[in-house]
Amino acid sequence: MDYQKILNEVYEEVKGIKEKGKVADYIPELSLVANDNFAMALRTVDNRLYTIGESKKQFSTQSISKLFTLTMAINIEGKTLWKRVGKEPAGTSFNSLIQLESENGVPRNPFINSGALVVSDIILSEYENGKESILKFIRELCNCENINFDEKVAKSEAETGYRNVALANFIKDFNNLDNEPKDVLDFYFHQCSIAMSCEELTAATLFLANQGYNPITAKRITSESRTKRLNSILLTCGTYDAAGDFAFRVGLPSKSGVGGGIVAIMPHQFVISVWSPGLDYHGNSLLGLKALELFTEKTDISIF
Amino acid sequence: MDYQKILNEVYEEVKGIKEKGKVADYIPELSLVANDNFAMALRTVDNRLYTIGESKKQFSTQSISKLFTLTMAINIEGKTLWKRVGKEPAGTSFNSLIQLESENGVPRNPFINSGALVVSDIILSEYENGKESILKFIRELCNCENINFDEKVAKSEAETGYRNVALANFIKDFNNLDNEPKDVLDFYFHQCSIAMSCEELTAATLFLANQGYNPITAKRITSESRTKRLNSILLTCGTYDAAGDFAFRVGLPSKSGVGGGIVAIMPHQFVISVWSPGLDYHGNSLLGLKALELFTEKTDISIF
Amino acid sequence: MDYQKILNEVYEEVKGIKEKGKVADYIPELSLVANDNFAMALRTVDNRLYTIGESKKQFSTQSISKLFTLTMAINIEGKTLWKRVGKEPAGTSFNSLIQLESENGVPRNPFINSGALVVSDIILSEYENGKESILKFIRELCNCENINFDEKVAKSEAETGYRNVALANFIKDFNNLDNEPKDVLDFYFHQCSIAMSCEELTAATLFLANQGYNPITAKRITSESRTKRLNSILLTCGTYDAAGDFAFRVGLPSKSGVGGGIVAIMPHQFVISVWSPGLDYHGNSLLGLKALELFTEKTDISIF
Amino acid sequence: MDYQKILNEVYEEVKGIKEKGKVADYIPELSLVANDNFAMALRTVDNRLYTIGESKKQFSTQSISKLFTLTMAINIEGKTLWKRVGKEPAGTSFNSLIQLESENGVPRNPFINSGALVVSDIILSEYENGKESILKFIRELCNCENINFDEKVAKSEAETGYRNVALANFIKDFNNLDNEPKDVLDFYFHQCSIAMSCEELTAATLFLANQGYNPITAKRITSESRTKRLNSILLTCGTYDAAGDFAFRVGLPSKSGVGGGIVAIMPHQFVISVWSPGLDYHGNSLLGLKALELFTEKTDISIF
């Protein structure tokens, strides 16, 4: 299939769309990003790369980073991880708070904020320097050195992230954090601030399309069985309250972030990433979702 | 792949399991079914059939029937269907009630009871004789005549189904039913009582593995695009509160019923059904889920 | 104190208010009542009566009738009543549904609809003819014969009361109704349709201001201790979601109905009733509440 | 009435009760208090004092202190206070969290923790030194100098009060705190740690039984109208989830704390306080509630 041609077509169609969504403004530093940025990258399991737009420009990965910390946590904890965090879709974010209360501080899945805080806690307990460990993990995944925290973004989120402070303290109250909330939050805010480009993202997630084996660095990242399971959680929980709609419209396991990035996995074939900072109602990139939908329509590709 | 050999192996392993779950007892008539029943059937898109156990014995499809009514409703309503029912996982059944209230009577998806009632309402409004229409639809799907309501089961559920009466009246109060609750409930209780065997189920659902085209009867049931979407809803919403766990352990779009049946779809390849009346905590067949998990482990088959 | 003078003053002030609230329209028959009706009546424990406006005109008591059925149920069940219904304020009506689910079908208090349905069930189980028994009870209380159901209102509510049908079936599903939901609902819809005038209401509730003893008929209605408790429930639960605001502004145990009536108790001194059909946001009579607030300000009367 | 005789009788009856409840242990420092402490004090509006037990021994007032901060906040803000905090009973504590979310960070009343945090915020914004201001206010109320924070208790609560940290950050996220959560929490934890004896409590709250005028110091504390309203909020919201039960059994406006203290108001007559550290399921003093119930039974006193 001529992926480059299809990316070009998608780009042309998306360029014409007036409504671009709204750049996240609850983190002041994120609101400064220009809304006309757009990039896509597709990388096949034999490491061929197709791109369009600003595919080398780094953006704030935000929740996409939860994919990497979850992979680390699964490798650390194995099945016991699922005693501290569920693997079921959360329903609305409104429900997720009620759920935390009614299910004794066990978050419904690792991709809602409360779940990601528990995952952060696991990494903090495992490594002497948690923040270094996540950078090192991603750098090795994508075989690139310039993966870093954006300290301005991390600071901006720490100064305004009252809701995340609330969540961490709730979970601690239920004894589902081993570390102090402030340490878990410091790790979490930094993790979310990691900046990556679309090209880097496709490299770092290629193992998910390749049964856990990273073809770029010739290293096994996680087992084949765990890879399938990571993909299943991406599909059912990876895109905020819109997992059902995403599966319906795109049909690929995906992870999105409020920085406007999305990465999607077609098992055995490729990963595709897209970046456009304007968000829809659910916090997913508006044009990013549209671009993925166009892409899967044109290619007739879907896991279903 | 030697599917028969694998079914045999799964059967041997499952036979040895002591804990069989608990037969549904909230519908008195269902509680009479013997818990040692077990059957599996696998049917490939080129209509080869592999079976084990009592694969010709009919059981109460219960919620599996929602798959057929949803297909009918999508064909009737097209995209406007999604204004009356969502397509997002519901979280816990506890939340689904709160959700109905906070989202003005629009059920979160067509597979929770409230959503299935809205789907029933659509069919009732379309056909002069709703109950005949669903029987006719399924008979044509599986090319078999002896698909019928189990009137004893329907009556048993009508006499004890206070919660479903409550749901239908709530939805009516929100103006999301066009027909009277009692008529919608009569259709719904009958639909759930439809009896089918594992073999019949694989025939009736084969179009879902074959892009909407029924190879047995050489008829298009629904479009390729709608078929993908049906499968995506099965994956994210098809197995009660356990959709995430099901995707994680089985990795196939599936629909279960409290009669102990489950049907799962491997797109482009086959459908597989299993029946064992004992249920787990979530209302899914305990040994049925186990059997599907063993099957996908042994075959290494998954959409992920 | 010159009660008549104060009623006159209140009437003059209230007449000048433009905003009269909205007559209940969810029961079609109720929406036909003219919004310029206004009446007040005050009856002292030595049976002196003061009135203003259309104090002899009957209106639909609606939820005020729950006060009479609760008195009957307390006399039937004694303390065991509180195993089937709570005596705590319900928070919002939204919460009351969640609460019914999380507390296994035990309504939070006897004045929310779910609680009144349980109370109705108790009366139905006790008397051969439940509907006659409530009419007889109220007729004896006020020493007047023309207390009747308004069959048009009862029918109107039965035809449109889907939410109450839902509630009754939920409670039945939790095994907290002994009778069939349809019978409980028939009793409930009739009870709510009872028509009374302001004067009749003050007579029928005078025992609440007089330690359980009806001075008009020289009969004990319930014990002194139960009378205090009835008043405490009126104060904490008697006025829908606005019990706190009512206690804050009026400071008397009160019961309101969506027919626009309110009755309030000043223990040891008097009962006061008011009728004005237009309702506020919470379903309480807008001018009725205003009139009671003016009355307690002018008289400096309050239980606090 | 011979109050001393009745206190003696109540004491004798309560002494014989084996089940004493459980001393609060979620604040480590509180758990060290011996469970056999018991005290009562009654002070009439003409400042006669009746006591039994350890009525001069100070204990941790905890939530009782919210009564004093609410009085301060009403005097500071007047009616605008009710835009930032409601005055309705909260239903269950479980619901109060949902409510905070669904009502945009406006706590349902000033006596649940979230509401008390908003009240604390108001005091912090008004006074240069918030912590000194509350001590000064209470010292003047009871005309006694030795009212102080228990720094050990405040520190103990600060170290383990993750849920309160969560609440403060949630409310801040909804923009309903002007100060930083950590400052509000520091004030709040100190306020709760204030130690008072039963005798001191009756002196400090005597204005509530005397229309806002403190007869001991001959000072007006708040207006007559605000006093009635404070009492109404005490009755509907003062005793955690058990306000309805408290009104039913005791029939007086009351405020309780997890230190085991309760203070109750009989308008125009007296205030009565009781201390027994063992708590019931709702967090109210088990023997304290029992003692008040016996007292009101014996005296036949009630606002109803």
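Letters A, B, C and D name the chains as they come in the text, with residue numbers starting at 1 for each one.
By our rule, a residue touches a chain if its C-beta (ideal position, glycine included) is under 8 Å from a C-beta of that chain, and two chains touch if they have at least 3 such contacts.
Since the structure is predicted, the reported quantities are computational estimates derived from the model, not experimental observations.
Shared contact partners of chain A and chain B are absent. With chains reduced to the mean position of their C-alpha atoms, the one farthest from chain C is A. The geometric centre of chain A is 47 Å away from that of chain D, both derived from CA atoms. Per-chain Cα centroids separate chain A from chain C by 55 Å. Put simply, the C-alpha centre of chain C and that of chain D have 32 angstrom between them. Multi-chain contact residues, meaning those touching two or more other chains, occur in chain A at positions 94, 98, 102.
Applying the touch definition to every pair of chains gives A-B, A-D, B-C, C-D.
By the touch criterion stated above, chain C contacts chain B in their complex at residues 94, 97-98, 101-102, 162-163, 165-170, 172-173, 181. Chain contact summary for the complex, chain C toward chain D: residues 86-92, 94-95, 98-99, 102, 108-109, 227-229, 231-233, 235-237, 241-245, 247-248, 251, 253, 267, 302-304.
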